[in-house]
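What follows is a pair of complexes built around subunit A, which joins subunit B in one and subunit C in the other.
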Partner chain A sequence: MDFSRETQPKEYYRKFLEKDCRPDGRKLCEFRHTTLTPGLISSAEGSSLVKVGDTIVICGVKAEVGKPTELHPDQGIIIPNIELSPLCSSRLKMSSEEVECLCTTLSDLLKNSKCIDFASLCIVSQKYCWILYCDMYCLSLNGNLFDALVQSLVSALYNVKLPLVVFNEETEALEIDPKSTWSLTIPRIPVACSFATVDQTVLLVDPDAEEEAISDSILTVIALDDGQLCGFYKSGGSPATPDMLDRCMKRAHARGNEVRAQIRQSPSSNKR
Partner chain B sequence: MDPTLGMLKRSDGSAEFGMKESSVIVSIYGPGEFTSNQEQPIEVCLYGCSSPAAISRFLLQIIDQVILHNQVPRSTIRISVQTIQEGGSLLSTCINGATLALMDAAIPLRYLAAAVTVALVKEEIVIFPTKAQEEEASAVMTLVFNNIRMELLACECNGLWQPAEFHRCLDTAKTAVSDLFNIYREKMNKKLSLS
Partner chain C sequence: MCENLSIPFLLQQYSKNGKPISSTSGKKTVVRDDRQCRTLYLKCGMVTQTEGSAYAEMGTTKVVGSVIGPRELQRRDDFRPKGTLKCQVKFAKFSHQNRLTVEDLERDYSNQVASAVEPAIVLSKYPKTLIEIHLLVLENDGSTLAACILCASLALADAGIELYDMLTAVSVRAIGDRLIVDPAGEEATRVEEAGTALITVAYMARLHQTTLIDLKGDTSVKVVLDASKLAVDLCHQIDPLVQQALLDIEQLDE
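Now for the complex of A and B:
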């Protein structure tokens, strides 16, 4: 029995890294098998289940008509919310403040990447707009939560179907036409790609929980369709060389193209 | 922008750092006794700013890397950051203030860390942007370097930019950071020649 995996995880890992592979058989630059199932939740306006290896995140989007904010009277509102319960992992150590930070990061990502046209969610300026509540639940956590969260959020929004709502000026009421639905236009899809650095020089793509525990730092790149980047986060840890940064950006673009193809080609089984 | 060291007489180390619209005072108590009910040997607390959780997490990871733990074994180091004025570039101001306070407290460090916030405002690179410039900018990047080989320790970049612009920002940030390290050296020389 090989106990060194539990007692000396870093030494155990180094034996594999010397041969350019990882204990689960992946190459250093390989992502785990990713599946995307849209439209699972028929009672939600949009939903998506993303599995990146053993990390499973489900996102449901519920829509409601409400009042736009004072700062942006001509725009709709999208509110991401993340639930991380002990169900997903025995070793989860995220405080509620850290989860709130993650929600803020996702919300900023949707605005900065300009992937959603918030103006299209406005029904009547200053009075009525669509408010989309995006609830993400992590069902199982085996490392790399952020990539799965971004993918589930964006793919759920991609298959949202909203009923057409018209403001009747005479009766001053909203009229909903449930038979005609429209989808959000999402011209560019942001995709997150995370890396773990081990021993200062080795880069592991899509780290699982064990790899995150032995890593020096985590790097996340968020890439868009046209080669632009809309997020780059490196947690404090071992220094990164410019060569490492370039390799990360290149890998993130390749991964972005794969995920975008998956999101665009997935048939929406949402019957609304 | 003229940082001051050691103005709080009761703390083990303190520093004031300000840049354009933001300024902070950082106070350090440590190395101190480590009781078994404490989870983390290094504690970072932020006061007076609007998003303490995000900044303190980022700051903690950098400080954890910078401090030589084997020279201060089983000791607590408590870092309190009080925001005097919150404008743009708050994150980098906190990091620079914390590094200066760590030097003032004479805590053994692996290397020094200095942070710069860079904003891309209409194709131009602005160093330490104000709040108004940050809002106008297409991208805002906080980059943290060490003084050994100007290596990138940590970063947080939001907005929209091309990879080529990222390299330009990194180069501009490195120049600004080397100026910051010169200021650190000047301040330490002044402090040590008086004692």
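Now for the complex of A and C:
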């Protein structure tokens, strides 16, 4: 019996990489099968379940009414939150600081990509605004958590249905009409695409847990609709050549178009 | 984190016609018989990176669980001749109508599920090991404890841990003398009224043994006995579904 997969994973992988393929049958530039299911959770205002191969992330959006911040009195607030528990993997290695970093990255992504119109979430300037809490739970983790997180966050926000709220100036109270709902307009959808570099030259798209463990570094590109980029992350590891970065960006744009089509065509049905 | 105090909009003000908005406004109410359970869906093997996992859906209540173990216990001082079981139940923040932290409920459910499941596991075969069960409630719409127990039992079977028997669980709500099976939504939550109770029973169908009876509320002895008997009958009805979920794992492996 061949135990080299556990004892010498890199050697095992090299045998496959020489022939331009991977142990799970994918080509080097192939993503795993991705499914998107919006509107699963009826107790949430918006929700989405994303499966990228075996990595499963569910995002639920709860809406509450509160006071806008001092810095942005005319804007609503969106707070992403990620929870990783041993439920998703028995070999979970992420520390809570890394998870907090991911939350901050997602929060920055929503602001920098300008995909959400925060002003539409404001009800009364300086007094009332919508606060959307986006809670993401990883149900199963087999590599490439970030792509799944971004996709689930964006598709959950795409799926959100908020009731119409009107401020009655005479009674100084908010009037909520739960039957008439409106959705957020998301003109530009950011899509994340992660790559792993092995042996400083080989580029693997959508790495799973084994591939992340043998990789030298992980690159993430976040692409927007019109050929623009709104995020590029490469944290340490082996250096990358400009040619490699170029290939990453091209692949990310192609992938972005596929995922955007999937999000836009999914039936945005919230069971309410 | 946001420092502002935000209020769930449903608890906020009133609607235009001056009536407070209830959490079920706008939802379709399904008419069900008192003795009829909601649709049950069970599946094993969702999570590939843990030893065992399961997904249970009782109507709209959804629970995901996975089992990690058996793992060697790190503590070298106390040798335990029987395996140790740890259970953790977490509620997703979007699982309720109002986004609340429910740490007390989580702790309560964790203890309940652990005590319901422990008698079913052959712990004597796992000395000095730790078996962990992690459950996540995705949507809480009544019968959540029952769904958690079903999920835990299936996840253990999926992990290949030896069990004396599979567990089934059912919740019954008693309003005076009236018994409602598998309460949903508002029916499940209003236990504060006098003379009402929520009874959850965990039962091993082949061994005819009850591992847990949980009563919340106040009611008479006769009602508790009737409710338990009704719950046991329903557990027998649910058992074939649990068996089928196990058979499906076998087919997947082939």
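As a convention for this text, the second predicted complex is superposed on the first by the 272 of 272 C-alpha atoms of A that agree within 3 Å, B and C clash if a C-alpha of one lies under 4 Å from a C-alpha of the other, contacts with A are read in each partner's own complex, and residues count from 1 in each chain.
What we mean here is this: a residue touches a chain if its C-beta (ideal position, glycine included) is under 8 Å from a C-beta of that chain, and two chains touch if they have at least 3 such contacts.
These figures come from a predicted structure and were not determined experimentally.
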Side-by-side fit of subunit B and subunit C on subunit A, or clash: fit
Touching partner for A:232 - first (subunit B), second (subunit C), both, neither: first
Subunit A-centred angle between subunit C and subunit B, computed on Cα centres after superposition, in steps of 10 °: 120
Touching partner for A:192 - first (subunit B), second (subunit C), both, neither: neither
Which of subunit B and subunit C A:205 touches, first, second, both or neither: neither
Partner chain in contact with A:52 - subunit B first, subunit C second, else both or neither: neither
Which of subunit B and subunit C A:100 touches, first, second, both or neither: first
When both partners are placed on the shared chain, which of subunit B and subunit C touches more of subunit A: C
Contacts of A:249 with subunit B and subunit C, given as first, second, both or neither: first
Touched partner set for A:108, first subunit B, second subunit C, both or neither: first
Nearest-approach distance, in Å, of subunit C Cα atoms to those of subunit B in the combined model: 14
Residues of subunit A defined as touching subunit B within the complex: 97-98, 100-101, 104, 108-109, 112-114, 217, 224, 227-242, 245-246, 249
Subunit A-touching residues of subunit C, taken from the complex the two chains share: 1-2, 4-10, 12-16, 21, 25-27, 46-51, 53, 60, 62, 64-66, 68, 88, 90, 92-97, 99, 132, 134-136, 138-141
Sites on subunit B touched by subunit A in the complex: 51, 53-54, 57-58, 60-65, 141, 144, 146, 149, 151-163, 166-167, 170
In the complex with subunit C, residue positions of subunit A that touch it: 40-44, 47, 54, 56, 58, 60-69, 77, 79, 81, 83, 85-91, 131, 133, 135, 137, 139-142, 163, 165, 173-179, 209, 272
